[in-house]
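Labels run A, B and C following the written order; every chain starts at residue 1.
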């Protein structure tokens, strides 16, 4: 009897997860098209937030470069979309973002705290303005068209990216690298002194998180069909993951997912009728969370 | 010669604005340890309030300086007294407070910007005030820009003297350098921190008024100025208010020179300088 | 065998020399003490050895290999571990996790999870913290936090352990326990270089003592020799 109970305790959440994923995978077959599109957007936010949390969660280095990595994916999709098949485009989106993040990460080894935050934001904005300037002066027109892809395909790709991000986040958390990342967030100097190659670990983790952002950008571009630097590198893409992760809480794996899902749905519900009010609401939520729920929703559930 | 004057005066005009906003941010960060990313939103509020006052009540922007500045000072003071002071009390370390206050100011950014969007909608606004041309050393400048320059420089100087000569100013500088000791010496640290934050908002308000005199404005304008303020503060040295003053003018001149060659490159130039600075000498040119 | 060697070790911060032209040798199996008034440069010297700060000039060698300019993680991998004057524990992680991390990333890369866990549990036993393995490190008493930091350092399987004021802030009973721990570590075959202010501890436990003052080495020898050295007495009495 005990064995059954223990078994069901361990496999129950896993079974639930599989059931849930199966549900999501078969959605397009019976759900309204609007719901499929909505879910795709939610997945996008979840991927951005979860991948942000892969690096920024344990290390406590708040990155505001998400827009840069997402945008790189968006632009690659526009540039390569006509020449290459979709899977390759997405892989490239992820890969180039990965390399960019590796480069930025190795460059900023010595920057900590505030400096790191504003540096990542500066890089993001630099890229945005540079693309704007480049397109104005060299391409002739600002913005590009992206090869459109069927909405169901977009949904599935996004779902796959989500599952991959989730798997990566989970495996990292449980590995010795996840533990090491947390120690970097706690006492970086001590982590260095017990043999952890902090520089490499930070850079690689940063790059891994960027990979998924780039991939997400590459597929979302096909939905928008027209993109320009302000859309691709919108600072909101840097701010939202932070807001959603803080709201959900970075202490557990489900925190960023829950936070992103809830706020993404909220945005969808409010965006058409109350465009400015929903951002106002997000700002209020953020302040309330910081004041009273510093560990986010995760902290709220842990207390019970 | 004419081009040179154009560039220099243009640089000083922008530099004056940059100096104001940088000093404001520096006060909030250097003393209060709050990196206020909503700083630009206060600038935007100052600009829009001026626009409304001029468009609907015919009040001159120069008078608005006296209205908007103190109003925003009060808003900033109250925000610090409530939000940031509470956070400071709750934080277990300076690092934790730095992070949580940054995030809280993000929340403020969303809130303030969207209140503005609700009130004024997303349209670009502008008004003309004193835009007749004035001839200066053979170059033509519009009067409002010259007046803005005058006020920017004037306010900066006045503030500099305030910091170095007045009792409150000295208390502020003491609090910036060593809060613990300052408190022991009888300085009401909580009051000083809130005043500093309020003064930061005051500077932003002034800058906003002056900006509205020269350029068109829209509710999303704030973030760009916040970033420029951060760049100047890093350039001049985090914590050095004099550094922010000088850094503002330096960046303004650099911007003017770059704009002469290609207007679209000025912001890029700022960011490149910023990034190089952070990588090579994060403490800034004049910092400690 | 000479384990650690420093020649002409110098460190300038701006215009000030924190450590100037210091030579030292630490031999295998020794417990060497490092004493001196506040600000003498003792912790700076440790920072230079562990790689936390780069040397301005001079060299450091470990087991014959030049380790000058290596990063702390590289130096740890070669067999030097340290504790910090102000304890730097991973506060929100458990006591066991702190030690476990040390064993995972220390000298040998190829250690597997269960071996590392076994080593960690042994070390917790060794320092007397078995009972509190599951508690967040920040909730420990100061004495226990210091022991945990030692355990974490030992988990990296060092040959040389640098102890920075391990006994600061401890009451006499705790000091005695700490002294006993130090001798037990030496008995395990680990060489110790320790900074200390608590004279009683230094005198009774160390084979040799080095004295720094204003960044310069002013004396070196057995505890008795150092205690009766005129320069040392002056420096301490003059405080």
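Assume contacts are C-beta pairs under 8 Å (C-beta built on N, C-alpha and C of every residue); 3 or more make two chains touch, one makes a residue touch a chain.
Note that the coordinates shown come from a computational prediction; the quantities given were computed from them, not determined experimentally.
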If you average all the Cα positions, which chain's own average lands nearest?
A
A-B or A-C - the one linked by more C-beta pairs in contact
A-B
Using CA atom averages as chain centres, what separation in Å is found between chain B and chain C?
48
What's the distance between the Cα centroids of chain A and chain C, rounded to whole Å?
42
Taking each chain's centre as the mean of its CA atoms, chain A sits from chain B at a distance in Å of 32
Which positions in chain B are in touch with at least two other chains?
none
Chain A partner, complex, touching residues on chain C are 50, 52, 71-73, 76-77, 81-82, 84, 88-93, 97, 100-102, 104-107, 113, 152-153, 155-156
How about chain A: which of its residues touch chain B in the complex?
60, 62, 107-108, 111, 113-115, 117-119, 121-123, 125-126, 129-130, 132-133, 136-137, 235, 239, 242-243, 246, 276-277, 279-280, 282-287, 290-291, 294
In the complex, go through chain A and note every residue touching chain C.
176, 179-180, 182-183, 186-187, 189-199
Please give the residue numbers of chain B that touch chain A in the complex, ascending.
35, 83, 86-87, 90, 95, 98-100, 102-104, 106-111, 113-115, 117-118, 223, 227, 230-231, 234, 262, 264-265, 267-268, 271-272, 274-275, 278-279, 282
